[in-house]
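First subunit A sits with subunit B, and in the next complex the same chain sits with subunit C.
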Partner chain A sequence: MIEEAPLLSIRDLVIEIRGRRLVDVAELSVGRGQIVGLVGESGAGKSLLLSSILGLLPADATVHGSIIFDGLELRGAPDRLLRSVRGRRIAVVLQAARAALTPTLQSGTWIERALVLHHVPAPERRARIAHALEAVRLDPALLRRYPHQLSGGEAQRVAIALAVALRAQLILADEATSALDVTVQAEVAELFRELRQTEGTAVLLVSHDLALVAGLADRIDIIAEGSIVERGGPAVLTDPQHSVTRELVTANPTLGRAPEAAP
Partner chain B sequence: MTSPLDDAVNGSPSRASGGSPPGARGLTDQGVYLVARGLLVRYPGTDPAAHPALALDELKLAPGQSVALVGESGSGKTTALRALLGVVRPSAGTVEFGGVALERLRGAAARAFRRAVQPIQQDVDGALDPRQSIGSAIEEGQRAGGGAPRDAAAVVERLLDEVGLPAALARRHPHEVSGGQRQRAVIARALAVGPRLLLLDEPTSGLDATVQVRILELIERLRDERGLGLLLVSHNLGAVARLCEETIVLYRGEVVERGGTRALLNAPRHPYTAALRRSVPEIGVPFRVPLRPSPDAAEADSQTGCRFAPRCPHAVAPACGLPQALLPIERGSERVVRCVRAPELGALDPLA
Partner chain C sequence: MSGSDGVAGSADLRRGSTAAPGGARASAAGGLGRVIGYLARRPGLAFGLGIVIVLAAGAVLAPVLAPFPGDAGNNTNLMASLLPPGGVHPLGTDLAGRDVWSRILFGIRISVGVSVVVIVSSLLVGIPIGLFAGAVGGKLDDLLMRVVDVFLAFPSLLLALAISATLGPSMEHAAIAITVSWWPWYARLMRGEAAAIRGRAYVEAALLLGIPRWRVALRHILPNAIGPIIVQASLDLGGVILTFAALSFLGLGAQDPTPEWGLMVEQGRTLTSTQPWVALFPGAAIMTAALAFTLLGEGLRERLDPKGLARS
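Showing the complex of A and B:
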C-alpha cells in the first residue's frame, strides 16, 4: 500500500539569521486532517518555523531545506504562489484574536473582503460564509460587530470561520487559545477537533500548554533550541524521555507532581 | 479518582503562615488590613437595571492571609481588585484600610495605605517605564516607601537578590531582559515600597510554563518569609491551589461559591466551580468541553434567577429561575454556595 503524501512536509529545514542557526528541523509533517502539536518555550523557534511555512521570514534570514505543501515547494517560491497559499489554503489563527481582525471593519465585511481578495466569485461567497458560520457555531448577528465589540472567544471564532470559508486545508494555530478563559479555550479547542471531522482541516497547533495539546493532538513534537527533541502520541507526556519534555511536563502549572511519581 | 490537580491542591506542603515575622522594615501589622463590605460596582454609562459589574458582600485581607478571586473574563475579579486598591470607586459599600474608608484616608494614613498595599499588574511589559533602568525603578519604590537615599543602592542589591535576579540587572532597561525577569523586577519594585499586602492580577499570564512555575515559587516564598497577605486574581487554578488558602468564585459579577481552596477545588458545590475545574486541560485526563458557550451579555443580564442557569447542566425550572441566595453548605460552615440545587447535588466530581 502506498502511503499518502502528507499535506505539509518539512525536511532538513535550517534557518539562520546573522550567522546564528535558529532552526534546524530534520523532519516535520502534518497529514491531511491531522492535528499536530508543536510545543516549546519562548525562543525555541516555533514562530520562525511558522513564518518560514508562510514565506514571511525577516529579510536577513537564510533558509535551507524544503517545505512541501500539497505537492508545492514553498521555500523560495515566487510571491505569486505564496500569496495564493498564504491565508487561503494555509490559514493562520493567532493569539491576539481581536488584533487579527481589522478594527474599522465589521467582522462580516472582514470575512467578505478576504474572500474577494482570494477571488471567490460573488455568488459563492454568501453560501460559503453561511456554511462557515454553521461550522464554527457563530451567531450570524456577530457579523455586524466590530472587533472591539467581540469577546476574545468570538473574535477567535470569526478568524476560524474565515479559514473555513476559504476552505483552508491547514490551520496554523499560534497560541490560538492562550489568551482565552479556560472555559472558552476548551470551546475553541473542541472546534478544531470538529473541523477536522466536518471539513477535514489539518491543524498545526503551536502552544506552550502541554496539557491542552495532549488532549487534542494526534502527535506532539517538542521543540527546543530550534530542533525537534521528542516526538510521539500523547503518551510522550506521560512518559517523557527528553529532559526538555520532562521539564515542560513538570512545569505545567496545573500539575502538582512530576511524571515519575505517576502510578 | 485523583488527578494531578488534586495533588497540587492536596499536596502543597507549605500553607500561608499567619505567624510569620513582620516585614523587613520592622513595620508592625497593627491596622494593616483591608476590608470590603457590601461592595457594589457599576461602571458609568451602564444600564442601571442591569446586573452590576461586581457585588461582593465581604472580603477581608490581612498580612499572612491569602485569598483568590477566580472566574472568567467579565466575572468582576479585576474590578474587585481595583476597588480594593481604591482606583475604582464603588457605587455602594466601602473599602476600609485599618478601619478608615479609602476615600477618607489623608496624610500619613494615606501614605501608609499606599505603602502597605502594592499591586502587581497583569501587563508585565507595561508595568515598568521603558526609559528607566530596573535599578532606578526599584530605587523609586524605595523612596516612595520612605527609604533614605543613602540606603538606595544596598536596597536595590538586596531586593534583586531576594527576587532571584543578578545584581548586574540593575543597569538594564525593561526591554533588555526576558519576560520572567521583568516580572521579577516588577515584584522587586513593589517590595521596595515595603508592602504587607500584594494584590496580584494574573501575575504569570503570558509567561512560559516553566517561567510561570518559578514566579509562583517566588511569590510563595515571599508570602511565607515576609508574611505577606495575598489577593490573587487568576484563572490559573494551579496557581490558586498553590498560593491561596481561600477562594472566591465569581460569575458575572456575583459570588457563586466561596471557601477553603482545597475543599472548593476538590469537591466543588457550585456547577460553575466544577466546570471551571474541568476546563483546565490536564495530562492524562480526556479532553472535555464542560460548558455550553457563554450566552450574550444582554441575554444573561435579563436573567432574574441564577445567572449561570443558561449554561448549567443541572438547571431546572422553575427553581433556578428565582433569585439565588449565597448559603452555607451546612449550618455554621464558612463554605458558601449560591445554588438552589446545591443541597441535592452534593459535592460535584471535579473531573467528570
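Showing the complex of A and C:
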C-alpha cells in the first residue's frame, strides 16, 4: 500500500498569515524518483509551500490540511520528528548557493557535522562523503575551503553532495539554479537527473524558470496566487490553457525549443 | 587612511591565498613577514599592540622589574617621602615614601587587570543575553531589550558611581558596579548582530538540516556575530580603565595601599604644584594604557571588518 503511495502527498493545504490566505493547494504529490516542477511567479506562494513541508513557517502562520511524507503526517508533527526528517530524508537546496553555507565553516566540516547530527556512524561517514563527492563530481580538495573560496556552482554541489551523503529521498530545490551562470545551471540540472537515476532521489523543482523545469520535470504544476492552476507534462508549455501559464511561456523567448531539447 | 594598498593587504591576510588549490598557506617565515608588513602600514595598531605587550610583560615581571616590590603594599618610609625622580627612585616617591615606579608597575595588575576582568564579565553576561534575544526574537526579545534600555538610559559612569556608592567603597564593588553598567552595551550589540544574521540563508539552511535552534545559535550565528563585539570590547578596555581610575580617584574604588593608578593620582592631587611626579606618572600610565587599547581596538576593527566577514 505504502509502496504505491506517492513519496510526498499534500492535500487541501491552506496557509494563512494574519488572516490572509496565501496558499490553497487541493492536491500536490511527488512520486518516488519523480521530478516534479512547481512553477510560478515570485510571490505565488512557492517558498511558503516549501517551508510548510518542513514545518518552518513563520510563527504567525496557520496551516490546515495534510502533508504526508512516506507515510508520516508532517503537518503539526512534533519538532523532534520534523528535525529527523529535515536534511536526512528531505533535503533543501536554496537559491543563494554560497550564502547558504555558514561562512565560518569549511565545507567539509559543514557536511561532516550534518552527518554527525543525523547519527551516521564515524566509519560510514567517510565512505558516504566520498560517494557523494563522486556523485556530484566535486573535487575533495574543495572540502577544505570556506564558502567565500567556492564558486556558486561549487557551493551548490556541496549542498547537493550533503543531500546525497544523507541519502535524502526527496530534494526540495528552491530556485536552486536561478543564481547560477547558464552553463552551471545546466550542470546542476543534469545532476538532479543523474541523482534520480543512480540514487532514486525525487526532486520537487521550485522555479520561475519554465525552460529549465520543462527540460527536467516529469510533470509540471503551475502555481498562481497560492493555488495550482494548471498541471501536466512538459506539453503544458506548448499548449498552455491558463492565462498565468501563457504569461510565463511568453515571458521566456527560448521556451518554444525547450521541450524538444529535453531528452 | 593607508590607501588602497593597505586595503588590499588586509584582504590578503584575511583570506589567505584564495586562488591556490587546497588553500595552500604561506610558510611560517613568510607569514611573519606579512604580519610585520601589515603592522608597518598601520603605525597606530603597531603602537597600540606594542604598548599592550609591554603592559602584559610589565604585569608579569613586576616583582622582578620593580626596584622596591614592597612599596606596592603596606610599606611606609617617611625618610624617603616625596623624593624627586632620580637615583634609585626613577619616578620619585610619594608622601609615604613609596617608590612611584614600583607602584606603577604593580598597578598594571590592578588597573589593567581589573579592567580586563570587568570586560570579560560584561561579555559573559551580555553575549548570551543578546544572542538569545536576537536568535529567538519575539516577545522575549522585546522584554530583554527593554531591560537593557533601562540600564542604557543612565550614563555608564553615573550608574557605576551610584552602584559602587551603594555597595560601599572597595575595588571588588567598583568592578561589579562597572560590569553592571557595561554589559547592556554588549547585549544590545550582540542582539543586533544575531537578529541580522538570523535572516541569512545559512541560518535557514542550518534549520532545514534539522539542527536544533539552540545549536544553530551557538554554532552558526555566534561565530559569525562575534567579530564586531570583540572589536568593541577591545575599544572599551580603554574606557573601563578610565572609569575604574575615576572611581578610585573619587574614593569609591581601590583603597590605599593598593597601587591603583587612579588612586595614586588622587593621592598626588594636592601636590601637583610642588611635587608633580606623584600624580603625573600614574596619570600618564592611565592615559597610555587607555590609548593603547583604543588603538588596538581600532586596528582590530579594520582587520575584522564586520562587513568583510560575510562578503561572498
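Observations on the structure shown:
Convention: the second predicted complex is superposed on the first by the 249 of 263 C-alpha atoms of A that agree within 3 Å, B and C clash if a C-alpha of one lies under 4 Å from a C-alpha of the other, contacts with A are read in each partner's own complex, and residues count from 1 in each chain.
The criterion applied here is as follows: a contact is a pair of C-beta atoms (placed from the backbone, for glycine too) under 8 Å apart; a residue touches a chain by one contact, two chains touch by 3 or more.
Note that the coordinates shown come from a computational prediction; the quantities given were computed from them, not determined experimentally.
In this overlay on subunit A, subunit B fits alongside subunit C without clashing.
Within the superposed three-chain model, A:Ala100 lies in touch with subunit C and out of touch with subunit B [touch as defined at top]. Within the superposed three-chain model, A:Arg75 lies out of touch with both subunit B and subunit C [touch as defined at top]. Legend: residue contacts after superposition of the two complexes on their common chain; A:Arg21 is shown touching neither subunit B nor subunit C.
By the document's definition of touching, of the two partners only subunit C reaches A:Gln149; subunit B does not.
Within the superposed three-chain model, A:Arg167 lies out of touch with both subunit B and subunit C [touch as defined at top].
Of the two partner chains placed around the shared chain by superposition, subunit C is the only one that A:Leu54 touches, whereas subunit B remains out of contact.
When the shared chain is aligned, subunit C comes close enough to touch A:Val92, but subunit B does not. Here's the short version: in the overlay, subunit B gets within 7 Å of subunit C at its closest Cα pair. In the superposition on the C-alpha atoms of chain A, no part of subunit A is touched by subunit B in one complex and by subunit C in the other. Across the complex, subunit C meets subunit A through its residues 15, 18, 21-23, 138, 200-202, 204-212, 219-220, 223-224, 309-312. Interface of subunit A with subunit C (complex): residues 54, 56, 59, 82-88, 91-92, 94-96, 98-105, 113-114, 117-118, 141, 144-145, 147-149, 159, 162.
Within the complex, the subunit B residues that touch subunit A are 4-12, 72-74, 178-179, 204-206, 208-213, 216, 235-239, 241, 275-276, 279-291, 293-294, 296. On the subunit A side of its complex with subunit B, the touching residues are 41-42, 137, 139, 151-153, 178-179, 181-187, 189-190, 193, 208-212, 214-216, 234, 237-238, 247-257, 259, 262.
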